[in-house]
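Next up, some structures in structure tokens.
You will see chain A twice below: alongside chain B first, and alongside chain C after that.
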Partner chain A sequence: MASPLRSVADHMAQESAYGDWQLLWEHRVTAATAANANSGSISGTRSIGTITVPTMTSPVIGAYCTSFNVTAATTSTKYVLADETTLGVLTVSGNSFSGAASMGTGKIYDHTLGAAGSSQTLATHMPMLVVTTAFAGSNPVVTVTYTNQAGTTGRTCTMTLPTSGSVLAINTSYFMAPHLQGSDTGIRAVTGMSISTGSAGVLTVFGLIPVGISEANSQAVSTGFNPILAPIANYLLQGGDRLAFYQIGSTIAGARMCHATFSPES
Partner chain B sequence: MAAIITPDQLIARISAGMNKQESSFFNPGIIPAGPMAGNSRGQRAVNFRDIPSTLETGVTAYIPTELFIQVTTSIGGLVLFGEYIDLGSLNLSTNVFTDGSSMPTRTVFNTSVPLHSPIFVETEASINSTPGSLTITYVDQNGNTAETTASMLLSGGNANVGQCSTAILNTIDVGARDITTAARSGGTSPVGTLRFWGIIPIAMVTTGNQTASTGGSLDLINTGIIRRLPAGARIGGWIQNQSSQAFLSTINYVGDA
Partner chain C sequence: MSVSNIQDIMNKEITGDVCLLLSSGITTGTQTAAGAASGGMNLQIGGGFQSIGTTLPSTLADAYPPGMTGNPLRALFLNASSSRIQSMLLVRMYKIGTVNFTATGQRFTHDAATFPVTRTQMGQSQNVPLIPFLYMTTNMSTTAAIFTIKYVNQAGTTVTGARTFTMPAINTALQSCFFFNLENTLSVGGRWDNAIQDMLEINVTTASAAGIADVWGMEILGATGVMGATNFANKNFCNQGFSLPDINPALPTSGTLISKLAPIGVGSSATMISYYNLKAFVDS
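The block that comes next holds the complex of A and B.
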């Protein structure tokens, strides 16, 4: 087994043998509805469109994000590139829940092994409630029933979403973590969703595993974060995984150019 | 000798003189408006010499190891360095599209993968005051053909070569593998030429923000970016901002074995 994270030499060897993936992607984010203390506190916007991780051919077993940078247009904004899993969908009209799913299993790089560790049951510590079709109504209370990070079922997350002009803009994203039950820190699976009011719209719970983070400093200049240099829990992506881009801390619409590098493990 | 796969081999190549440096000074001297009003705008910031079409004896590719950029104002930003792929051009006067290349296929994760890119639309010849609108038909990131953008209004009176806008692709599309055609509609005696580029990224370098001038550098090898650039590759840089400034940049290469 060989990992690009073990050393510079290993990264060079893996790139030579199997090829890195260089991704250039212009994310377009639409104007979002701001969050408040009852809806995650920090505003967020999911970008239009997602990217699928390319197919991997043996002996490649996965890939890590090894660099990530984003052009910034506003100050005090963070950008997250994440492996995204759909955990549940709520159709407002009819208050109908569908698509119950779990985070499944995955591997994290083990720094003591110098390779990916054993497969483990995943929980997202960054669950997001996203308006995937514009919502019509006023200040709805949304309840999400879930299995927490330890596998305990029947837990609930309750949020009141702050509408603006009886609308929640599409792609507006709300942090669920501050509203998880008790001392819960994450979600393994969503088993139910309901809403108190509303005439139209679709809300989706996405489970995120961040693979790249970038932020804009006070001069609106982006400072990249290179995962290959940091002792973080690098997540091993698989072919077919879905990557999504989130703008955090801003509701402003616009376009951001993103460059990410992904390197193979074999 | 096999391709370079260790830092020691990299150093040995440098010791053997298999390295070079290219520099670029580019002074557009204008505030970029981009050829399309309302689209993301920026400008060409870097023009390095192409990788030679016939590589030197004993060299199979160019490995970029470091990037430097200096800009002449206090407005910072990120410069995107990359390999430019010519997707074609459009003469606004004759409304004739001249096709270029497709995004290449490269080995990714031990698999042959057709690459995709945002479409960068650059003013190659000055645009007059009434140029009309632009639509682009392209093959998307998944290989779906006959994807056509909405009509994008062109900026009239855009006299400055090197300005770029990015095309707004169809909803949920994130890139193009190829441009099938492009067309201008409307306008009054339109004049100008647009060049369409795809970019295979090398790195983004932060220029920072200081009172007099700003600059930045990036060690590619040690920050997780390893690229092997082929013969004939066109290397350039793009910055997404709205300032009039000049750019001085340098790239260091080691010749792969």
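The block that comes next holds the complex of A and C.
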């Protein structure tokens, strides 16, 4: 086995043998409804569209995001590229929950091995409640029942979403972590969702595993930090995984130029 | 300690044993600028789960995750951005007491908690040196108050300060923050105090018609360094100088201590459009 994270020489060898996956794309975010203290405190937007990790064939076993940069002229905003899992869906009309799912298992790069480590049961520390179809109603209380990072079932997260003109804009994203029960820090699975009011809309819980982080400020500055040097777990992406792009800290719409590199492990 | 290497920390991230503290700073509202006789520079208390909005917060929020009290958290990564040139710090704030400027004389009321606060460092309990500052909770009026202080310095020595603090304006804006002028006479053979263990007295020599402030001491847990306007700064506690500070509060000598975790901007009185991101892992 060879890993692109073990050394510069290994990275070059992997690129030569199998080729890095380079992406340059424009991600569009729509205007979001602002969050408040009862709904994660930090405003967020899930972008229009997602990216599917391409199929990989043996001997390639997966790929790591080795760089991620965003150019955007927004104030004090963080951008997150994440492996995204749908954990549960709530249809507001009828207060109907469906699609209960878990984060499953996955691998990260193990510095002690110099390669991907053993498969582990995943929990997301960035669960996001997203308006996937515009909501109609006023200040709904949403309750999400989940299994926490330690595997304890029946935990609840309660948030009151701040509507604007009796609407929550589509793609508005709310950070759930501040509202997890007790001292919980993550979610393995969602087992139920309910809402107190509303006539239309769909809310979805997505579990994120961040693979790239970038920032922007009031100038059009391209930034990003190196996933290899930063203290972020290097997640081994698989073919078919879904990558989503989140704007955190701003409700402003617009286009964001993104570049990312993914390097294979074999 | 539950982790023995960096890989143990990375495993905690993938299994959900990390906290991501995201917060925005305030966007409008301006403090009263500090002058040479009032600490020299301002500080802005940002972040916290209730600090989003457009005005200076009237209630200080805690950036520590709700429900996490008692759960050992260690900082892993601090990231900050701002619209103004300043230094960004991650601090633990401890409330020492309050001061009322409406009459002359000793006007400081110590909170019930007994100082110094202590933390286990190098294997034993150590007194934590704190950088003291004022936080205005009621505006002054008519007259800018003038006072001196008496404190226990970083080395545990009781110091009756000779330096005079003059509030920078008659109507000091609410939520303005000012550093205290500690004794600094090293150049003439005296002392140079850089922190306190406790505040003992605030002696008002010129009173104001109104004005109340909280007295806080801050323990610096980490710093991103100075950033330029519309810029970013990061502190990687793991790979950029291995430290992993414990972000739980230090302990009072006795009593109940009011403490808050906060990102702090130092330098400007004008509000900053700022953003903070702290990642911490559960050390158990």
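Just so it is clear, the second predicted complex is superposed on the first by the 260 of 266 C-alpha atoms of A that agree within 3 Å, B and C clash if a C-alpha of one lies under 4 Å from a C-alpha of the other, contacts with A are read in each partner's own complex, and residues count from 1 in each chain.
The rule is short, and it goes like this: a contact is a pair of C-beta atoms (placed from the backbone, for glycine too) under 8 Å apart; a residue touches a chain by one contact, two chains touch by 3 or more.
Nothing here was measured: the structure is a model prediction, and the numbers come from that model.
By the touch criterion defined above, A:166 reaches neither chain B nor chain C. Contacts of A:248 after superposition: chain C is touched, whereas chain B is not reached. Of the two partner chains placed by superposition, A:152 touches none, neither chain B nor chain C. With both structures placed on the common chain, the touch criterion links A:77 to chain C but leaves chain B unconnected. Of the two partner chains, chain B is the only one that A:22 touches; chain C does not reach it.
When the shared chain is aligned, chain B comes close enough to touch A:56, but chain C does not.
Residues 217, 219, 221, 223, 229 of chain A lie in contact with chain B in one complex and with chain C in the other.
The part of chain C that touches chain A in the complex is made up of residues 5-7, 9-11, 13-20, 22-25, 49-52, 65-71, 76-77, 79, 81-83, 230-232, 234, 236-239, 273-275, 277, 279, 282.
Listed in rising order, the residues of chain A touching chain B in the complex are 4, 8-9, 11-13, 15-26, 28, 48-51, 54-60, 63, 66-67, 69-73, 217, 219-224, 226-229, 239, 254-255, 257, 259, 261, 263-264, 266. Note for the complex: chain A touches chain C at residues 34-37, 41-43, 75-78, 106, 108-112, 117, 120-126, 148-149, 175, 177-178, 180-188, 209, 215, 217-219, 221, 223, 225, 229-235, 248-249. Residues of chain B touching chain A in their complex: 3-8, 10, 39-40, 76-78, 80, 82, 106-111, 113, 115, 117-118, 141, 166, 168, 171-175, 199-204, 206-209, 221-228, 240.
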